[in-house]
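Next, two complexes with chain A in common: one pairs it with chain B, the other with chain C.
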Partner chain A sequence: MTGLETFVTHTLHGIQYGFVLFLIASGLTIVLGILDVLNLAHGELFALGAYVGFTIIGYLTGLVAPPTTLSTQLVFLGVVLLGAALTAAILVPVGVFLETTFFKPIYGRDEVYQIVLTFALLLIIKDVNKLIWGPSPLRLQDAYGGINSIPVLSRVGLTYPTYNVVIIVIGLVTVAGLFWFFNRTKTGRIIRATAINREMATAIGVNTGRTFTLVFALGAFFAGFAGALALPPRFASLDMGANPLVLSFVVIVIGGLGSLRGAFVAALLVGVLSRWAIWQYPPAELAAPFAIMAIVLLVRPEGLFGTWGEMG
Partner chain B sequence: MSLLELTAVDAAVAGFDVTHDVSLSVGEGEAVGLVGRNGAGKTTTFRSIMGLADVTAGSIRFRDEELTELPADRIPSRGLGYQPEDRKLFTGMTVEENLRLPIWSLGDERGIDDEDAVVDDIYDVFPELEERCEANVENLSGGQAKMTAVGRALSLQPDLLLLDEPLEGLAPVVVSNLKRHIRAINDRGIAVLVAESNVTHVPDIVDRIYVVERGEIVASGDPEALAEEPEIQKLMQGSGV
Partner chain C sequence: MSNRSLPGLVSRDGETRVRVTKGLELTKRQSMLALVGLLVVFAIPDIATVTPSLQLTVVHQGLLFGLAAVGLNLLLRHTRLVSFGHAAFFGTGAYTAAVLAAKFDVASFSLLLIAAMVVATLVAAIVGYLSLRHTGLYFSLLTLAFGQLLYALVQGQSFFGSSDGLPVRPGAARQPLIFGLALDSEAYAVILYYLTVIILVVSLVVMWRLVNSPFGNALDAIGQDRTRAQFIGIPVQRYVWIAFVISGVYGGVAGALYAMVQQHVRPGPVLYFLRSGDILFMAILGGFQTLLGPLVGGVLLVFLQDVGRDVTAYFDALTGVALLIIVFGLPRGLVGSLRAGGLLAAATRDFRENPAVVGEWISAAVTGIVEATRNWLRDVQSILGVR
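Up next, the complex of A and B:
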């Protein structure tokens, strides 16, 4: 592999990693921007998405032929994506339940209630995952390898997993969809208005309670989607929610607390720069995102962008 | 029967009593002023009507329905439009988005079938806004921002418009322009309740006024006659009279 190929491969890895981070962080930052709640349990919704995805994708892929030819590999890819979408849809009622049952009573109360509640939910969801799927890590057989057999970048002489290309494409579509939703649809702009000024939104007739539930469900949807999509190359495990949660915090701090555009830029920044750091100096893997955060905060203490509602 | 009737309303902000025993009424299509110095209780009275302040005693009825029993987000659906004192425009959005947001939220419930027609109607009242319809609200002048806030309050085709200090902080030429617009709105049959700290502004806009001081209504009647009264002049000293 030439130096340029290595550079491109690591950059693509970083972009793919950045998109996964964005999918997780987008939900966290939307909930923070509108509900004013820092949800420590968000990483566990990501893990729940991986476990539910394991069951659904595992079931669906069992219904189709093994990915041995191009056509069956494409069917396999379609089934995996369908499973991820179904997983995300299942997380919606979970989000609605959590918001209406646990979060509603703590709105407007001291942050310590949020911390205690969301940390308790983190532990509860982890235990529920353990109760249903057991303590051992779970991995989907065939899915990753099957999809990677579809030749995409190998046609241009680049060795890079096709599944990661799929993640990048889905990430791009999701980002475009999210920005379209918040900038072009009536519901999206009502949500933004609620984020900008909750009281004035009420004074024009917005049911802010229902908006909050919708926003939390949206956050759960994207956490679940990210969890299911992240599953094929890795194991679903009980500790898989912790690292993405911490990195999502890093992303939303770099981007500007509650800024969706900031989360997008920051996720790609963290993803790519982290991969470059790992490539050049592997021991920097854990420290790289935090070093990036420290540098950004030194230059722009408020993060790269402003508040969420104003930026879309 | 009055369109809006406040009876012995006490209201609190952050646990502190601000208004006491406030009673006032606005009839169908009437233009009424609520005049008082800054901090006298005008804004709290308006916020009480809109369900945004804590009403601890008394009654607020609109078309004979008790508003204090409704959640705040249901009150606009009854036919009340509200322009807050500090405008509270939705930043990061255009003038037209600000005008359309209430329709997107409650248009169906208010029986608004033709959203564009409502917005065009607002542009008829405020032609200045049509020229700036695609501008972000952060880029508006003070007068344009006030017009946008009033236009937004009009977008649900209310029966009663609450305007909290619509003329405050505007250049004299803009003030006279906005007064003309407010009159035009009232001429369309929309009742208007205007809060104002400068008593000399209100005779051009309203038919009668209430004077509020330290959270209580201390006088009411013809605006020009009250503006001439020494007691009222003394009361309004320091408020630009």
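Up next, the complex of A and C:
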């Protein structure tokens, strides 16, 4: 492999990682921006997505023909993506349940109780995953290999997993969809209005209670979607929620608190820079995102796009 | 009133009180409770030799995490800042002791402790400087991120022994020397325990003095309303920063002692962010509006976790359910709720007067669950747009 090829491969890996991070962080940042709750259980929703995805995608891919020819390969890809979408859909009622049962009664309380509550949910969801899927890590071996057998970048002479290309494309579509949702649709604008001024939104007739539930469900949706998409190349394990959660925090801090655009830029930044760090100096893998965060905090304490609660 | 500088008896409002330090005077009942509490704590090594279910190291660990939680509580109770990265300072203390012992063969107990205090002060100063620029949830988020940064650093460097950690077995005796004495391992454990108790009592008295000083009052004012505190001339940023450093030092001391008790330090148990959650939970469990609550919470949680791990594989979920009960049912914590007027005190009184009240509680719980399910179904329908 030439130097340029290595560079491109690592950068692509970084971009792919950045998109997954953005999917997780976007849910966390809208919940933080609108509900004013730091949801520590968000990482576990991601893990739950991976586990549900394991069951659903595993079941669905068992129904279709193994990916050998181009047409079966495309069907296979479609089925995997369908499974991921279904997983995300299943996470919606879960999110609604969590919000209405646990979060609703606690909005007016001291924030320490909110943090302890989400920490409690983190522990409980982790053990629910353990109860249903068992303590040992699970892997969807076939899905990753099956999609990678579709030649995409190998046509231009680059060895890069097709699945990651798929993730980048889906990430782009999701980002575009999210910005369209928040800027162009009525519901999206209502959510933004609630984020900017909750009382004023109530005064002009917005049902803030319902908006809160919707936002939390949206966060759960994207966490679950990210979990299902992140599953094929890796294992679903009980502790898989911790790292994305903390990295999402890093992304939110770098991007600017409550800014979706900031989260997007920061996720790609963290993804690509930490990938380069791993390539150049492997021990820096874990610490690289935090180093970026510390620098941003020193230079721009409000983050790259600090808008303090305004979305967009 | 005759004895001003030494602890002794004083008379206030016609009541005799035990004077511990300036301003800290206990009523008869309080001093009895304190005495009994101290006696129990002192008797633990003896009790532990009789019953196998109570282990000295477990109580010892509980006291140490409790000490860290007492430190965290300075921020939580007075400045209303929720630090979710307190394991960072506990871990800093533990790793300072471990690095000095493993890499530089420092065996002196006091040296290890002092070094841990110094390094914890430095780390807390830096982390505090960076994270105290924000308040509220963003402060919690930043402390958590910095805690994980330390975890990542330790985990990634072979100097710190990566995930295997470092042994704390310096010198020829293969353990730290307390006042230069080479003790056998049992005597070492017991003497270290008593030293911990002494350090603990001193730390609690210092903390009491601190929160009842003008500085502590200023922190309360900051916690109630930052802007107002700023306007009446309190240097908010500097005071909060000092409080953060002090609370970090408490964690550092506890961590160093932990390293010497366990004689081995690994990043998972001391630096991981779930540990920060545990420390915060200890404060809430015991009652963060009290001085002793976090300590009680610490001992209780470590003990329950030790017992619970043997009983069920789903111990985390049990902890979670306990947290939910605390959040929704006993927001003042165990110590806070036992006080007159607390929920727990009221519940025990109701129960004593009429044991049938349990039936009411159960029916209330069932109604609550039914109500919650109905709400959930309605909200799912409303979100999905189905009518």
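Note that the second predicted complex is superposed on the first by the 308 of 312 C-alpha atoms of A that agree within 3 Å, B and C clash if a C-alpha of one lies under 4 Å from a C-alpha of the other, contacts with A are read in each partner's own complex, and residues count from 1 in each chain.
Everything that follows uses one rule, which is that a residue touches a chain if its C-beta (ideal position, glycine included) is under 8 Å from a C-beta of that chain, and two chains touch if they have at least 3 such contacts.
Model, not experiment: these values are computed from the prediction.
Novice: Per the contact definition in the header, classify A:301: touching chain B only (first), chain C only (second), both, or neither.
Specialist: In the superposed model, A:301 contacts chain C only, not chain B.
Novice: After the superposition on A, what does A:122 contact: first (chain B), second (chain C), both or neither?
Specialist: second
Novice: Between chain B and chain C, pick out the one touching the greater number of residues of chain A.
Specialist: Counted on chain A, the partner with more touching residues turns out to be C.
Novice: Which partner chains sit in contact with A:193 here, chain B, chain C, both or neither? Use first/second/both/neither.
Specialist: Touch status of A:193: first partner only.
Novice: Applying the document's definition of touch, where does A:204 land relative to chain B and chain C: first, second, both, or neither?
Specialist: A:204 sits against chain B, while chain C stays out of touch.
Novice: Given the touch rule stated above, what does A:97 touch, chain B (first), chain C (second), both, or neither?
Specialist: Only chain C; A:97 stays clear of chain B.
Novice: For chain A, which residues belong to both interfaces, chain B and chain C?
Specialist: Shared contact residues on chain A (touching chain B in one complex, chain C in the other): none at all.
Novice: Okay, in this complex, where on chain C does chain A touch?
Specialist: 76, 80, 82, 84, 130, 133-134, 136-138, 140-142, 144-146, 148-149, 151-153, 155-157, 273-274, 277, 280-281, 284, 288, 313-314, 316-317, 319-321, 323-324, 326-328, 331, 372, 375-376, 379-380, 382-384
Novice: Report the residues of chain A in contact with chain C in the complex, numbered from low to high.
Specialist: Per the stated touch rule, the residues are 32, 36-38, 40, 92-93, 96-97, 99-102, 104-106, 109-113, 115-117, 119-124, 126-128, 130-131, 135, 210, 213-214, 217, 242, 246, 249-250, 252-253, 257, 283-287, 290-291, 293-294, 297-298, 301.
Novice: Of all residues in chain B, which touch chain A in the complex?
Specialist: 50-52, 72-77, 82, 84, 88, 90-93, 97, 101-102, 104-106, 109, 152, 156
Novice: What residues of chain A sit close enough to touch chain B in their complex?
Specialist: Those in contact with chain B are residues 186-187, 189-190, 192-193, 196-197, 199-208, 309-312.
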